[in-house]
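Please find the structures below.
Shared between the two complexes below is subunit A, which has subunit B as its partner in the first and subunit C in the second.
What follows is the complex of A and B.
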C-alpha cells in the first residue's frame, strides 16, 4: 500500500530527519534543549524512518466564522429548529451526523472522536477565535502563545530544516481576529503565515544572485558570525544564527508547498478546491516533519442563509477531511498526526428572520482524529433542541488539555514567564479521557 | 521546585523597598564611582574577576547606539580612536547627549516602553519633553493628569486614552511602567507567591482610575463612584484607593448624585463635547491623588527605583531587579545598596533622566567587554561581562542606512551641522524598514522570517545594497584593490578596522569573484550587515 517514501522536496537537506529523532526524544525525555550528540545514529535510514513515525504533529482545520454543529456533528432532525437536513447513521452504532457528511459518517469509527458539549462562553468573533486558538482568555500583560506556537515549541526542534508552524488563511474574513500568535514564546515560534500565495514569502532566491553566490555569501556571513560569537553567549545571539542557519533548509522546502509535485491522482483525491489543495500541502508538510499546520476555511458566519452556506461548505469539508484522513492513514502517518476541526464557536439552534443562525458558544461541537484519539468515541450531549449541554460540559481549557494529552504532552507542564510559572493549561484542567486512546 | 526557591528566598532576604540609607556611600560621590564601587564589591565577594574594558572603537559604537540610536560613522570612530585626550570619553558622551538625535532616541525608547500593547504613540509629546529635559516626575504627572488645553502637553493624553476601554490593563500598565510592579496576578486572587500583593492592591490601584472616562475624545473624570470586587471567597468588597505601599487615600464621602445633579453633569459633558474641550475636572480627582501619593517622600521609592532599574536594564540587558516588573520583597535586587543609592540620588536631583543616564554610561561597569574567555560565564546579575543586546527596530534601520551610505558624506571635514542634518534624514527614511523588524523583549528570539527577509527580499537589495550617488557600494567601486574595499566596508559597517584573521578570508572572497567585482562587493556588504556583530550592541 505505502509507496517507498521519498524525501519530498527532493533536497538533501531533508534526507536525514533529525527532527523525527528529536521529536521522539522530546516525547520521552521531555527536555527542551535536546542533546545533539546521538545524531549520527540517524545515518541509518531505517531508524530515521522509524523515528519519523514517532514524531507527533497536528493539522488544524479551522472553520473560520463558526461552523454550525447542527449541520455537521450534532444534528437535531426532530427539533423545530433542526433545519432541512437529515441525520444519517454513522459507522458508530447509534451515532448520527448530518447527511451533508456521508464520507465522515462511513469512517467515523475508524479514527475520529466527537466532542458535542463545548460551552466556551464567548460569542464574539475576535474573543472566541483567540480563546479557541490559545485555550484561554487574554490576561493583562501576558501574551499567550497559541496552539501552533506551543506545538512548534513542544514538537519542533531548534535547528529545524522545515518550518515549525505554518498557517494558511487566504480569505480576508476573520483573518485578523486571531492572527498566529507566539505570545511570550517569542517570534522563534511565530507562524509562517500564507495569506495570498501557496509559497511562503521570501523563501525563493532573487534572480539577481546566483545559487552559488547565495550560498557562499551565507558561508561568509557564517564565518564572520562565528568570529563574533567566540567568548559570547546568549540565547538571543544563538537565535540569530539559528535563524540564518535555517534559511537554506526553508528555501529547499519550497517544493513542499508545491502541489505540482504530487501525482494527478493524489490531487484528484483531495479535489480541485483551494481548501483541498491546502490540505494536501498540509499533508506534505507534516510528512516532512512540520509539527503544526493550520488550514483555515472561511467564511462560515451564516447570519443569513445558513442552510445554503452549509450546503456548500459542509460537503467540501466532508470530502477534504475524509481525503486527508484516508491519505494520512495509508501513509502510516495518522497514528502520529492529530487532525482537528475547530472554530471560534458554533451556531444558534434558533433560526433568525434571514434564515440564518447566529453566534453560539454555549453548546457546540468539534472533532479530533488520529494521533492519540479513540476512533468512534462521542463525548458529551446537548438537549433535544441543542440549546444547552446536558452531559459532559467542557470549555476551551479541556479542549486544549485533550489536544496536548493526545500528542503526548503533559497539559500541566510549566513555562516560566520571568518568575511566574505558566502551566500549558490552567491548574486542575482535565483532558477528556473518554476520547483518548 | 521553582516556587520552593521563592519561599526560601523570602526567608533569606531582609530587603525592604524603604531600607535605610544611613550606611550608603556619601550622596555627593559621582554616580559612576558609586556604581563601580558596589559592583566591584560584589564581584570580590563572589571571587569573580570581571571582563576587561572595551577598546575605543567598541566604546564609541556602544555609546552612539545607546545615546543616539545609531552606529557611529567611520569618521567618528577614527577621530575617537586617534584622540589622545584623557577626557575624550566624557567629551564624547556630552557631545552625543547634546545632539538632537539623543532627544529623538530617548523619545523612541520611552514611547516604545510606555505605549507597549497599544497602537498609539506619545512620541511627539516625548520629543518636546526630552528636548526641554523635563524631569521624569513631571512627565509622569503630565501623562496621568494631562492638561489638554496646554500646548506644552499636547499629545500627553494619548497615554491614557487608548487604555480607557480596559481599566484592568490601564492599572497594570501604569504599575509596571512607573513603579516596576506587575499586579495583574492579584486581580483574581491574592498573589500566590508574593505576600506583598493582595487583591486589595490591584483594586486599590484600579480605584485611582475607576472614575476616569472618555468624553468625546477628551479625558473626563467624575468626583464620585466606587469600585467593588469579589474576593476569592466570594465576599463583595469595596476597593479603597490604595497605593502599592499600602498607603490608603481617604476619599471625601461621595454619594451618588441626585437625578438633578446627573442631568447637570450630563449637560456639562455634552457641552464640552460640542466645544471639543476637556470636561471640567472634579473637585476631588482620584488620579491626581495617585500622582500625589506616588511622589510623597514615604512612598516615592517605587517610582525612583523603577526609573533607575529601567535605564539600567536598557544599558546592561539585565536589571538590578529582574524581571523588571517584579519589584517586591520576594525578588531582591542583585545590588540592594546600589539601587537604594541611585534611587536616593535620582530623587535628590529632581528625577533628571539625562543626569542619571550620563552617570550610568560613565561607569567602568558599562564599558566592560561582552567577551568572556573563562570557562563558566558568570551570572548575569554580577555584571562581570557585558551582555550582547539586540538592536531595536529604529537602531537597526538607522544603522543599516548609515552603514550602507558613502562614508564621504560624513567625512571629518564636513560641517557638524551638515552631518547632523544628514543623519536626521537617514533616520527619517529608516522608519519604514524599522516596521519590518521586531521590537526586542525579554528572552527575545530572532525569527527566521527576519533571516529570510534579509536573504531574499527585494527591498533589502533596493534599500541597502543598490548603487547610487551616496551609496557605499558606489564608493567601493572606486577602490583600487580588494584590501581597500575591505577596509572601507568593514569600517563603515562594523565601525572598526578589519582584523588580521578575517582579511585573508575576505580577500579570497573578492578575488574569487574578480570577474564580477560589483556583485562581490554587494555580497561582502550583505555578509557584514547580516553578521551577528552588526545585529547586536556588544
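What follows is the complex of A and C.
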C-alpha cells in the first residue's frame, strides 16, 4: 500500500466534509479515533453523525462452515436433491421453508426477508468467509474492513462507553478463516473477539484496588496528560488518551456480557445452548448501544451425515433466531436492529455417499430481519433441483449494499485512502430493493 | 448345501441406480427383494434377472428407511412418520398408520411373524401386531435430548431368534432390552464410544448405535456403529462392533476396525452363528466378518458402495445388499 496521506486532498467534496468534520470534532471535544492509519478521517466524522443518532444496530448470526439452503430457506421437497425433510407453509402465502424451522415459518411475514439467489462463486472456507464478511476480495494493496468494522465506524458513537464491534466465536473450527478484520479502517474498529468466556477477560477492576483508588489513579493520569499535552498536538497522543477512555468504558460494561443479570424466564426463552446464551448477550449489547455483534454458530460443514447435522443445528437456529427476533420486537428494538443469517456458502444439492452435502456457492440463501427490511419478501429463485439461480442472481456486493441500505448507509459512500476514494461497495452495485422496506 | 465362507466373497451382480436404497427385505428361498428408496417409493425386484424390473409397490412422503416382510405382508416405514402395510400379492396398500411424531429409522418383524417394531426419533419404540395393525406397546426407554441439549435419535432395533426379546439402541449409545410378552424393560447396556460429541471444534455430534443383532442362541447382543471421530464433518471414525453378554451386562468382544472408516449400519449373524457380518460405509462401503469364538476379524472387504441394508439367504452364502446408487449381490459359497 502507498504511504498514507493525512492531508486534505483539495477536492470540493472533501472540502465540504472537512467543514462538517470541524463541527463534529468541536462537538465531541476533539476526541476521535486517530489510529485509522492511512484513512482520511476528515471526510467521515460528520457524515456519520446523522446515522449515529438513529441508533441502528446489527446482529450477524454467522453460520460458520456453511448451512444448507435446502434444509433451511430454500427446500426442494420431492426432488432427487431435496433430501428427506418436508417443506412447510410459512405465514407468507405460497412461501415454504424447511420443516426444521416452524418458528421462523410462523413469523416470516412479520420482519424477515429471504434472498434465495446468492451466487458468490467461492466454495473455499477461507476465501468464502472473507468474501462474505467483507463483501469483496482484498486487493493487492488494500485490506478491506469487514462488515463489523464498517458498521462500527458508521453506527458507533464516538463517546460510547461500550465496544463498537463484538464477535463471539467459541468453536475452534473455522475461526481463523475470517477473523474480525478492520482492514484499512485500523485497529480502532477491530472487534472485541470472545473465544472462550462470555464475559471479556481481564476487564474487571482488581479487587486489591478500591473504587476510590481507581478513580484517583484515573484523575492523576488525566492531570498528567493535560500537563503533557500543553503545546503538543499528535494523533498518537489522541489515540493513547482514547484508549484509556475506552478501557474505562469497557470496565464499566462487563455486566452487559453477564446473562445472570437476565431473569431466568428470559434465559429459558433463548434456551440452554451456547448459541442461545450468546444471542441473549448480543441482545443485551445492542440494547446498550453496541452497533455490531457477530454470533458465530459453528460448525455446519456436513460432508457426512448432512441430515443428522441439520437435525441438530437447524432446530437450534430456528429457536434462537425466533427468540431473538421476538425479544427485540417486544423491546421495540427490532425496527432499529438488523438481524442477518449468513455463511461463507451453502451446500451442494447433490447428496454424496456419506449422505452429506459438500461446499456450494452457486445457488444459496440468506435471511435479513428487522431494521429496514420488508417482512415476508422473498427475492430470487433457484431451479427445481437447487443447482442454479434462475432469477435475481446476486453476489456478495449486492448483499452488502442491501445491508448498508437497510441500515440507512449509502452503499456508494466513499472512504478515502489518502486521496483515493474507496466506495463501501463497488461502483454500480445496487441493493436488493425488493427486500427493503 | 454349499458352505458360507467369507474368504470366498465375490460380487455376482451389480445394479447401478440413480437413487439411494435404504432398506431391503428378501422373500424367503428366492432372489426377490423389496426395497425402500430415497425417491420415497417401495419397489419389488428379482435380483436373479439379468436386468431386473423395479416394480413400484407404493410410496411414502419421504425416504423409505425400512421394509420388513412376513408371508405376503410387507411393512414399510419412512421419515414421513408413517408405517404402511402392503399386500405383496395384490400390490396394494392394506393400511397406513401415522405411527411416530418424527423420523422412523427402522421397522423389523419378529422371527415368528407376530410382532413388528418401529423405532423413531421421537425416541419411542412401538410394537405392532403384524396381522391386525394394532399397536401393542409403546416402549419409552431413551432420552429425547442428548446430554448437550440436542434432539437424540433412535436408530436401531433387533428381535431375538425366539421372538421373546427386543433390543433398541440410540444415538448416545444407550441400549434397552425389552420383554416382548410384558412390554417391560429387561435390562440396559451402554456403548458410549459410538457417540461423538465435539465440544470444542464443531459443537455438534455424530455417530450413534446404528445396528443391533442377537446371536442365534439369544445370549449375545452385537452392537454396531462407529468409533470416536476426530473431524465430525466426515464419517471419519473407525468401524466399531461391540458384543455383550446381555444377561451379565458385560462387553465380551470389541472389534475396533483398523481398515475402514464409517458406520456399521447392519449386523447379521450367520444362521448357524458361524460368524457375524457387519456392513455399512462412509464415502465407500465395507463388509466385515467376525469370528466370535476366536474374537478375530476374519475379513474386512471394500464394498462397491456405502451399504444401508443387507439380507442373507437361508444358508448364509448369498448376500443381498442395498445402498448408495447400487444394489449388489455377493456370493460366499465356499
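FYI, the second predicted complex is superposed on the first by the 379 of 437 C-alpha atoms of A that agree within 3 Å, B and C clash if a C-alpha of one lies under 4 Å from a C-alpha of the other, contacts with A are read in each partner's own complex, and residues count from 1 in each chain.
As a working rule, a residue touches a chain if its C-beta (ideal position, glycine included) is under 8 Å from a C-beta of that chain, and two chains touch if they have at least 3 such contacts.
From a predicted model like this one, the values you see are computed outputs, not experimental measurements.
*Asks:* State whether A:419 touches subunit B only (first), subunit C only (second), both chains, or neither.
*Replies:* A:419 contacts subunit B only, not subunit C.
*Asks:* Of the two partner chains, subunit B (first) and subunit C (second), which one does A:218 touch, if any: first, second, both, or neither?
*Replies:* A:218 sits against subunit B, while subunit C stays out of touch.
*Asks:* In the superposed model, which partner reaches more residues of subunit A, subunit B or subunit C?
*Replies:* When the residues of subunit A touched by each partner are counted, B comes out ahead.
*Asks:* Using the touch definition from the top, say if A:139 reaches subunit B (first), subunit C (second), both or neither.
*Replies:* In the superposition, A:139 contacts subunit B only.
*Asks:* Who does A:186 touch here: subunit B (first), subunit C (second), both, or neither?
*Replies:* Touch partner of A:186: subunit B, not subunit C.
*Asks:* Of the two partner chains, subunit B (first) and subunit C (second), which one does A:354 touch, if any: first, second, both, or neither?
*Replies:* The answer is second: A:354 touches subunit C but not subunit B.
*Asks:* What part of subunit B is in contact with subunit A in the complex they form?
*Replies:* 2-3, 6, 117, 166, 168-169, 171-173, 176, 182, 184-185, 187, 193, 322-323, 325-326, 331, 370-373, 377, 387-388, 390, 438, 440-453, 455-458, 461, 499, 501-502, 505-506, 509, 513, 519, 523-524, 526-528, 530-533, 535-536, 538
*Asks:* Which part of subunit A faces subunit B closely enough to touch in the complex?
*Replies:* 139-142, 163, 184, 186-190, 192, 200-206, 208-209, 213-214, 216-218, 220-221, 223-225, 227-237, 239-241, 243-244, 246-247, 250-251, 414, 416, 418-421
*Asks:* What residues on subunit C touch subunit A, complex-wise?
*Replies:* Contacts found on subunit C: 18-20, 38-40, 61-63, 79-80, 103, 121, 148-151, 153, 200-206, 232-236, 262, 281-285, 305-306, 324-325.
*Asks:* So in the complex, which bits of subunit A are touching subunit C?
*Replies:* Touching subunit C: residues 65, 78, 80, 84-86, 170-173, 271-274, 297-299, 301-305, 308-309, 311-313, 315-316, 351-356 of subunit A.
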